[in-house]
Amino acid sequence: MNNETREKLMGVSVATLATALYKRGLRHQVIQDVRPVGWKGKNMVGPAFTLRYMPAREDRNTLAEFRNPEHPQRVAIETCPEGAVLVMDSRKQAEAASAGDILITRLMKRGGAGVVTDGGFRDAAVIAELDIPAYHTRPSSPTNLTNNEAIALNEPIGCGDAPVFPGDIIVGDADCVIVIPAHLAEEVADEAVEMTAYEDFVVERVKDDHAIIGLYPCTKNEHRTAFEAWRAANNR
Amino acid sequence: MNNETREKLMGVSVATLATALYKRGLRHQVIQDVRPVGWKGKNMVGPAFTLRYMPAREDRNTLAEFRNPEHPQRVAIETCPEGAVLVMDSRKQAEAASAGDILITRLMKRGGAGVVTDGGFRDAAVIAELDIPAYHTRPSSPTNLTNNEAIALNEPIGCGDAPVFPGDIIVGDADCVIVIPAHLAEEVADEAVEMTAYEDFVVERVKDDHAIIGLYPCTKNEHRTAFEAWRAANNR
Amino acid sequence: MNNETREKLMGVSVATLATALYKRGLRHQVIQDVRPVGWKGKNMVGPAFTLRYMPAREDRNTLAEFRNPEHPQRVAIETCPEGAVLVMDSRKQAEAASAGDILITRLMKRGGAGVVTDGGFRDAAVIAELDIPAYHTRPSSPTNLTNNEAIALNEPIGCGDAPVFPGDIIVGDADCVIVIPAHLAEEVADEAVEMTAYEDFVVERVKDDHAIIGLYPCTKNEHRTAFEAWRAANNR
Amino acid sequence: MNNETREKLMGVSVATLATALYKRGLRHQVIQDVRPVGWKGKNMVGPAFTLRYMPAREDRNTLAEFRNPEHPQRVAIETCPEGAVLVMDSRKQAEAASAGDILITRLMKRGGAGVVTDGGFRDAAVIAELDIPAYHTRPSSPTNLTNNEAIALNEPIGCGDAPVFPGDIIVGDADCVIVIPAHLAEEVADEAVEMTAYEDFVVERVKDDHAIIGLYPCTKNEHRTAFEAWRAANNR
Amino acid sequence: MNNETREKLMGVSVATLATALYKRGLRHQVIQDVRPVGWKGKNMVGPAFTLRYMPAREDRNTLAEFRNPEHPQRVAIETCPEGAVLVMDSRKQAEAASAGDILITRLMKRGGAGVVTDGGFRDAAVIAELDIPAYHTRPSSPTNLTNNEAIALNEPIGCGDAPVFPGDIIVGDADCVIVIPAHLAEEVADEAVEMTAYEDFVVERVKDDHAIIGLYPCTKNEHRTAFEAWRAANNR
Amino acid sequence: MNNETREKLMGVSVATLATALYKRGLRHQVIQDVRPVGWKGKNMVGPAFTLRYMPAREDRNTLAEFRNPEHPQRVAIETCPEGAVLVMDSRKQAEAASAGDILITRLMKRGGAGVVTDGGFRDAAVIAELDIPAYHTRPSSPTNLTNNEAIALNEPIGCGDAPVFPGDIIVGDADCVIVIPAHLAEEVADEAVEMTAYEDFVVERVKDDHAIIGLYPCTKNEHRTAFEAWRAANNR
């Protein structure tokens, strides 16, 4: 992803992106039922680096496993590329943690652009204060070994019922997280910027007591003309 | 609903109202599992104006549908009476949005008293800043067309497993939303004001180290007398 | 529980305690899916005093029941020992309340160390402001009589799928609540203090750009030595 | 329960009983989501003897526990009175078994009138062939120790969200299981026999092409008269 | 629906129809999680006549309501056209019944082609023996008044998350039920007959040890030629 | 797996195997909530060959995909080794099919020992008649493309919350399916045969009116002696 696309995606909402993908026939790209672990005031944007969990078998998931330098969870943290978003398939189960503050701090230090799980994080109150966007379903204190075995890196996965392929562009805002297929990221970013301009105009109009019908979507020349004037006036 | 009743309902809690309805044999009037989209510090009160969603069939729910000036979702926003609460039956599904910030802003401008869905809103972080109470289950960025077809206005509906008839009085506080059958609104408002006076007295007493038993509910003359004095002293 | 153990447990996280219990083969001691009713900035610690609810039968759960001075819910509030945590088995159902602000205020006044339900509290916004830790799944305004009959005090119960025996030590932090079997409380508290020291050191190291592998868990002499120095320097 | 009442309850449906209790304001007496483990062609009827499970703590639920002659699950099987129905509160969790064929066989030999759990039985295919009615949610092979600790006998419990007090009369048919409060059993049995007579008459009428309206419920003299004749002719 | 279309739909599977609709972009037409109340060996086919339930409010849903000749549930049974399928939106809740054997018997006598609910039927064991197809989620003995108020006839509804418009063609087989939009019924029936011919041929081929790849779907001339010969030989 | 082990596992129940694994600390090896698609009277036994599904992205899952000879679902069917059980991770979602009768027929012809999904099969009524064991959660007619993209073969997966590694031994009976780690298969098979002998003896004893306590588990010499005699008499 080039910087320009990243910048564009920093300035648009997941809702707008969802509509842009909907136009292209993609209806299930929003990761369902995750929320920010402390909203940090700006979007999360980056290509997906994935970690897949499977159900933990007790004999393979003792605390001793973490001494193994090849443990996939730790390797994920240490190899996730700078600028990437680590996306974890935790099978939508939050009964045990997907990760905790120490690992997320390390990811932050390594330049990770963010982290998402469809499970839960332990030490969530600490993660909420870190300078890295994180999304989960709810806080969950038990160690991941209780339920989850980290089994594979950078495979296609599901996260919150959305399909995630490594390299897909992940965008999170205060509400939700969306997965943009890599080949669509640029055109969708462009379109979302355009849509956002119009939506910002619409909000102003609505605040000026205009009705929705004919304005959103635009079916009246009056609004079309006003929008062009607004764009010029606002450099949009 | 007259203004006096509205005023009374602004000053009582949903919990108190739920108990008043419970006394009348109505046990399921609280809309389950919705919460404020940003608590705005005062109750939502108004008669219900309803919108019913059904599952979306793909060929009937393309983006082009929104160009139709008769689209029921937009008509709902433009015809919901001033002072009314728009209540949406989204079949308890938040995988796609029930509405977004532009429509809710318009509803606010038109004088709507609030909005409730048993699904989720997109642009929830923006809605949280608007000057209109809103309640949902969680933020949800996908356009409503993904899952929901707006099919009917002002029919009896279910919302969060509560029965809602057009004109029923909807009251929301920081915790929950309740549906008061229209014909009971006045008497329930009166009773809730009375109950609130006693509860406020009880809280003071409890803070003064009185035990619950005999006090709440009141079965001791001592408390009865003290309450009468308290009412006089506090103009309640 | 002696004061020393209580002090130790005030200073460690539920996540750390969960790992200490995991080492002892106990994997399901975290009460699932409860959260603070307004995080109050310090841990909840105390032995469990339990209240068991069963499904309410309508003829046994009229408002008149509350006039009975032996009603188990009220007796629970009035007999929960000072310093104890009242833990309620609400069968993981939040459709009706487990308790409300008046009872929780009384519990606070009586010196209760906290309250947990795997259901929901009414008047949650008020409880959030009280000076007593409380945990639930979500706000719920209907009176408990709607769904729940308080049936027994201080029996072994389930709460959020965790086993709770009277006297077990309950610890809650900003994320979760955990149940420490009474006979393990002291040794687990000690171990958690030790673990916390190392984790605090690890966080500092990670912020200094050290990698996780070899550090957490500690498998390198370099880190072991640094930790000893850190402990001495920090009086830990 | 006297034999006459038992005989009456052998001949009526749970649906009819549910309506008779509904008339008395009891709406939640059907045990939700259980089904026969092999329907055996006749109703299960008997007073409830209860067993309560709580979540299993691993150190208290090793296989060695079963060697304890006081283990409540085994004591339940050996002390459930002849003619009684053993009702298990398994917290609606079927991930591990509530019991298996050996225990149910023993219960059968001891004269138990049946067994119900809101969890699942292991060896369900064997239990389906035994000469004792059994109801559960689904087959579940893991030993009960995995999830469930048998903790108390003959307490009031919940089963499938229905309240069950020891001695309540349990009736199961091919569809469902219902809990009749002990003090109502006789009058409800009588009423259900009456209702069944009318329902049997209605079915005949409907098969003879009569409309429902006016017939069910009966609001026309024509049907009233015909019913009286039918009763006389059929000795009902 | 003409008789020819009905005949075609009697001979194809819901799976084949689902694929035919999938080709047209319709992915959610199968009513989720319903099953036959006793499979009767032949498909259910007919246009939808709908009944919508809403959550029951206690004061509007006493047994006395059934004495009202205008009660929508009873009117539904008495006005559902001959050859139609009665489809009930029970909000996917089976805690109380959608209907029972007497009403379904009457529907059968009146020539109804079948009945579907996304709730449950009482007297299911009796309905299983009737000569009319019925589909539900599970048996449920409580009277519908407990949870459901019949509120509207022949409106567009949801059933098991599928959109149902009055007049849509409903087809049920041993596995599932599907909703074919009315305007597509004829062409989909034709296509499904064609697909079924090929699938029957494929099954024979597979039983003769042919591999799937190249055969299903057909991408090899060898299979194409063999199919033409098979059709001729089998009059398909 | 050698033939002897296979034979042993054909003769024991999943319940017995679950207990044998429980003794070894493995508590989550039963695949939750699957049932036979028509019980065929004998156990399913074989090593796991796995197929992993992920959420379907619409542009990658058109019907045209099936024309691709490399489509993993079809490759799975054509490469699953003789004697193996095909285990599908369908993410516990049955809204669309995991496979249908044609593919399962092909698997049967190729000598597959069985098939399991934690989703649902289409054409389930046909699969129920095939001579190959199959397990699923419920029938589901929509084509798998609707929800599921087949993405990987023979990876470690989750199925019904159980961990499944390729080569693990899968055993299904009339009730459930279990996953035996490959390295334990032989010893667990041996132990289960022993346990089954004792259980069969116990059943006979219980039918002869012996109490459970002291017999199951065996803590009395009387039963120990009788068992030895029984083994000799029955060649067990």
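Before moving on, here are some points about what is shown:
Letters A, B, C, D, E and F mark the chains as written, and numbering starts fresh at 1 in each.
As a convention for this text, contacts are C-beta pairs under 8 Å (C-beta built on N, C-alpha and C of every residue); 3 or more make two chains touch, one makes a residue touch a chain.
Because the structure is predicted, anything quoted here is derived from the model rather than measured.
Note on connectivity: the fewest chain-to-chain touch steps from chain A to chain D number 2. Over half of the residue numbers at the interface between copies chain A and chain F are found on both sides, making the touching surfaces mostly the same. One rotation lays the C-alpha atoms of chain B on chain F, and its angle is 180 degrees to the nearest 5. Centroids built from CA atoms put chain E at 37 Å from chain B. Rounded to a whole number, the gap between the C-alpha centres of chain D and chain F is 31 angstrom.
Centre-to-centre separation between chain C and chain E, using Cα means, comes to 49 Å. Shown for chain F are the residues in touch with two or more other chains, namely 27.
Here, these are the chain pairs in contact: A-B, A-C, A-F, B-C, B-E, C-D, D-E, D-F, E-F. Every residue of chain D that touches chain F in the complex is listed here, in rising order: 63, 66-67, 69, 74-75, 77-78, 94-95, 97, 100-103, 105-106, 109, 122-125, 138-143, 145-146.
The residues of chain B lying in touch with chain E in their complex are 24-29, 54-60, 91, 149, 151-152, 155-158, 161-163, 181. For chain E in complex with chain F, the touching residues are 13-15, 17-19, 22-23, 27, 30, 32-33, 35, 39, 173-176, 178, 199, 202-203, 206-207, 209, 211-214, 216-217, 219.
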